Amino acid sequence: MALPAPLRGVVPPVCTPLDPHGEVDTASLTRLVTHLLDGGVHGLFALGSTGEVAYLTDDRRATALETVVKAADGRVPVLAGVIDTTTPRVLDHARAAAALGADALVATAPFYTRTHPREIAAHFRRLRAETGLPVVAYDIPVAVHHKLPLPVVQELAEDGTLAALKDSSGDDGALRRVLVALGGRTARPGGPAPGFAVLTGSELTVDAALLAGADGVVPGLGNVDPAGYVRLYEAARAGDWARAAAEQDRLVTLFSMTDIGPEDAMGRSSAALGSFKAALWLLGVIDHGATAFPQIPLSREAVAEVGRRLTAAGLPPVR
Amino acid sequence: MALPAPLRGVVPPVCTPLDPHGEVDTASLTRLVTHLLDGGVHGLFALGSTGEVAYLTDDRRATALETVVKAADGRVPVLAGVIDTTTPRVLDHARAAAALGADALVATAPFYTRTHPREIAAHFRRLRAETGLPVVAYDIPVAVHHKLPLPVVQELAEDGTLAALKDSSGDDGALRRVLVALGGRTARPGGPAPGFAVLTGSELTVDAALLAGADGVVPGLGNVDPAGYVRLYEAARAGDWARAAAEQDRLVTLFSMTDIGPEDAMGRSSAALGSFKAALWLLGVIDHGATAFPQIPLSREAVAEVGRRLTAAGLPPVR
Amino acid sequence: MALPAPLRGVVPPVCTPLDPHGEVDTASLTRLVTHLLDGGVHGLFALGSTGEVAYLTDDRRATALETVVKAADGRVPVLAGVIDTTTPRVLDHARAAAALGADALVATAPFYTRTHPREIAAHFRRLRAETGLPVVAYDIPVAVHHKLPLPVVQELAEDGTLAALKDSSGDDGALRRVLVALGGRTARPGGPAPGFAVLTGSELTVDAALLAGADGVVPGLGNVDPAGYVRLYEAARAGDWARAAAEQDRLVTLFSMTDIGPEDAMGRSSAALGSFKAALWLLGVIDHGATAFPQIPLSREAVAEVGRRLTAAGLPPVR
Amino acid sequence: MALPAPLRGVVPPVCTPLDPHGEVDTASLTRLVTHLLDGGVHGLFALGSTGEVAYLTDDRRATALETVVKAADGRVPVLAGVIDTTTPRVLDHARAAAALGADALVATAPFYTRTHPREIAAHFRRLRAETGLPVVAYDIPVAVHHKLPLPVVQELAEDGTLAALKDSSGDDGALRRVLVALGGRTARPGGPAPGFAVLTGSELTVDAALLAGADGVVPGLGNVDPAGYVRLYEAARAGDWARAAAEQDRLVTLFSMTDIGPEDAMGRSSAALGSFKAALWLLGVIDHGATAFPQIPLSREAVAEVGRRLTAAGLPPVR
């Protein structure tokens, strides 16, 4: 399906449920998509960082994307992460994603190598030119270790290379500068990049991003509570900022589940992904809370604590 | 004067005008304080990063603080930066600031050295115990190269060591977590740290911080347009978030003056501080736009460009 | 062939010559291997960072490795880089490399994700267990953005998981601590990890690393001047440290070719890789100096300057 | 006394013994200087990072420097650290140090602020011009969070601004590039910066630095075992690299005492400084092992472990 221009709303980065052997649990993934669509989300982002894309072999990536596309069944657009070190490898993923029915591609700047802004711009241009699909730039310094420069984003937004920016930089001042530079809230319709969307990946400041003029959000925590993020988005759309902020506060409290698996026992990603999957298991959405190897699993006590946090947030576990 | 509890509103980090010999230009500084008070600010933060505290000798620090205290004349509280590498040196600055009439102290965690969270907590506790003045923790990773850990802030807020947090980390997700952890918007009055204030130092996302429950802002750009930040603050207090966001957008555009002195010609601080001072000179507030040695001054062309940005923001230069 | 234990000597990370379409130029790669063997190298490391592994699709990785294995023809061991974000993806590369005849695998810690030391240890253990091939840990913080912790290296060396460490961290103090911790120069034969090898990837301090007890070097610049690094290694083996240092100094001067493509025009990797390939083209070893997309190529003037540096180092270009 | 040109040999950064009230223990400091001179050191660096300069008030800095100058009594040159955020503050320290009889000044680039290479160059030039004393540039990225750029060092060495570089960057590849760029080992006498000295601050790779052509070393661990570093230096001067390396290995083992105060209990600096001072106390050189506030002290068990490491290194404690 064609991507809305601009892309709007809540577009969760879909977790990838795994079975005990590390294979994609397609039944669980199908249920997760249903859970998200029931929550009212406006799009699905498969194979993102929250989807453990960095841990999935090419075969598992294909299985996961295929499952999401099939489960979405055209009701909302499906964005596919094409995460790899550089353009030639990203293009291979892009071709696979296109063949599997992705509606748009989400790519980071090159990583592992040290890259120049001109090289980054060429990277996104080639991806757009070779695939014809809408391209979303994924700004995630915690993973790629540099921030997309504002002039590059602006240039690629204005010349039509990019359909959207997914800003997971955590730098909301820079995000505001992007929004103002690209036309801002009021000027957007007639602005320099009319169909260009800005989505925040910072699930803790969604009310703020929407107030600043962002078009939507890609919240990892939205796997657990999609309806909460949709309520937040709708409150903001309606101009009810107090309600949006209250919903955001509730979600910030829920997000503290990512601290449970402490940093001295596992990697920070493992703790966050483990808590999301534990929550989905506790809520009866998926059959196993396992994260991909070599991530250390949450302890039984940590899972119990996730359950208590769910209850406190009004999402009582079913097991 | 006693610091309000919690401290609220717009508390600009006051620039320190210098004469061509690098000495504090007290006449200009007095006029700057008047300019800020006329703009409606709720407090003054002398000897902050924007006040070029890192470039001022102890004598110049004393002159600057004395001038601000005298010019403020008890109309608003004066916070004094006591910025130095570790506790013993900070205490020397604190004693000087207390003697000069500061109403509160603003201190970073130790820098230059590598410090443990327990050492950071001891640092703030000693500062509070030895001076008796309210202490504001200044979280500024761009300068001290580590972020204040949330547990340390929370502990020191709850036990009364800290009167406030000035968050210049640019990490608005972490800021939100602090706000929620300390009781949040609605719970604040009866919360665990009732008089504790959270001020954002991120001048580009003030509407967002206030929506999240922050008590105020410490905006470097507030030297140039204090009335703009006060309007933004008042709009937020009144719940008129659309108006707050529009004012913020205007200020974001104005902030782009900090890009004029390009990074390939000078340090990033020099470009920002130089543009603020150039603007104050163009507006007739101060007599010289000079920044402290060894900062490279803005070129004549850059100053002219600052003037154009002022005009575009509705602040026409007078010279 | 079995890897020597410990692995010793000069093991260059083989460049991957490309044709103008970005495909592996197998004829040039075969000539490059001959050039390296003629220079006296003791092993070949295919698909390393210098081999542009991050830019090669899986097909091109296979072509490159197959070509190197065939050209080496059992005369020296061939190590294969299996560079990818996490264990499951690395294992796919490892199986491919084993099938193509690699004698050992070279893997980094996981990247893109944030990983815990215990997760890193599990990563290398799984790789060793599933492949049966000798595993070399590749410590390259500039690419993966964290340093392999000394206790992890020590544990995996002592329990036989790792056959070697390739230290490209640039942190020679930490390298020395590894060497001393693992038994040091004199204790090595009877030390706790008798067959374990430490190779430096810091091509500018090879004399120092050998003096400290390292077993060998993996020099990117060794593509251009393999005989120079072999002379340096042999001088060190003979205890002629003055000669080793003089050879190192000559190579440091030659290394300055990596500065020619200036950082304001391209990425730092592009400048370094571009200069190595330009040199190999000028020396008549390979047919094209092209680097992989999206790297910006060296200008004609830069290539001419590379030629002058070659001449100054006693390696006159043939074109 | 005039600084030798180039400055050569072992120049330890002198620890600053403190009494239980945090005041400089001048009797202990005098004994420490005697201990160092008895060990054969070639100069003394007072008020360096190892001297806890960042923790000393101006008064205590003066007391410490005065004590070292007096105790040295002209037998070796005394270098004084003038460590502060920017030029104007550094100049105040420089004037004080000159008045107290320092033979040379050691200054870092500005910190806390973000500074441009041209600003850094102006900083060192002003320091040299205003004081007339020899200036040593102190490259210590772990403290100031940026590395001195090679072109700046080269320019300031060649124009006579700098008398020496103290390289505590830990980047021995960059150090080698500096050495080669400035004339190298053999060319030094007639090179472009004939009296310029390069001293390494990396106490774990001194043999390597000397092999590369460095003139000397500024070893923190040299407080504990000055004679060991002098033996290492003399072995290197005599071309006996095997002996130099063996001595270095012994010192690397001894250096592991800095790991005893574990990072989860205190800051990394506190652990290192605490272990050096504990060792000096155990050896009977100083009366108290206290480090400056807010550093967490080593536990009694940790001090006992330091004692065991001393014994193992051939330096048995006397208490």
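When the chains are written out, they are named A, B, C and D in that same order, and each has its own residue count from 1.
Note that in this section a contact is a pair of C-beta atoms (placed from the backbone, for glycine too) under 8 Å apart; a residue touches a chain by one contact, two chains touch by 3 or more.
A quick map from chain label to UniProt name: A, B, C, D = Dihydrodipicolinate synthase family protein.
Given the structure is predicted, the values throughout are model-derived calculations rather than measurements.
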Intersection of contact partners for subunit A and subunit D: B, C
Fraction-based call for subunit D against subunit C, same above half, different below: same
Farthest chain relative to subunit A (centres taken as mean CA coordinates): D
Chain pair with more C-beta contacts, A-B versus A-C: A-C
Centroid distance [mean C-alpha coordinates] between subunit B and subunit A, Å: 34
Shared-contact residues (touching 2 or more other chains) in subunit C: none
Interchain contacts, given as pairs of chains that touch: A-B, A-C, B-D, C-D
Touching residues (chain side subunit C, partner subunit A) in the complex: 22, 49, 54-58, 60, 83, 85-89, 91-92, 110-116, 118-120, 122-123, 126, 142-145, 263, 265-270, 292-296
Touch list for subunit A against partner subunit B, complex: 170-173, 176-177, 180, 184-186, 202-205, 207-209, 211-213, 239, 241-242, 245-246, 248-249, 252-253, 255-256
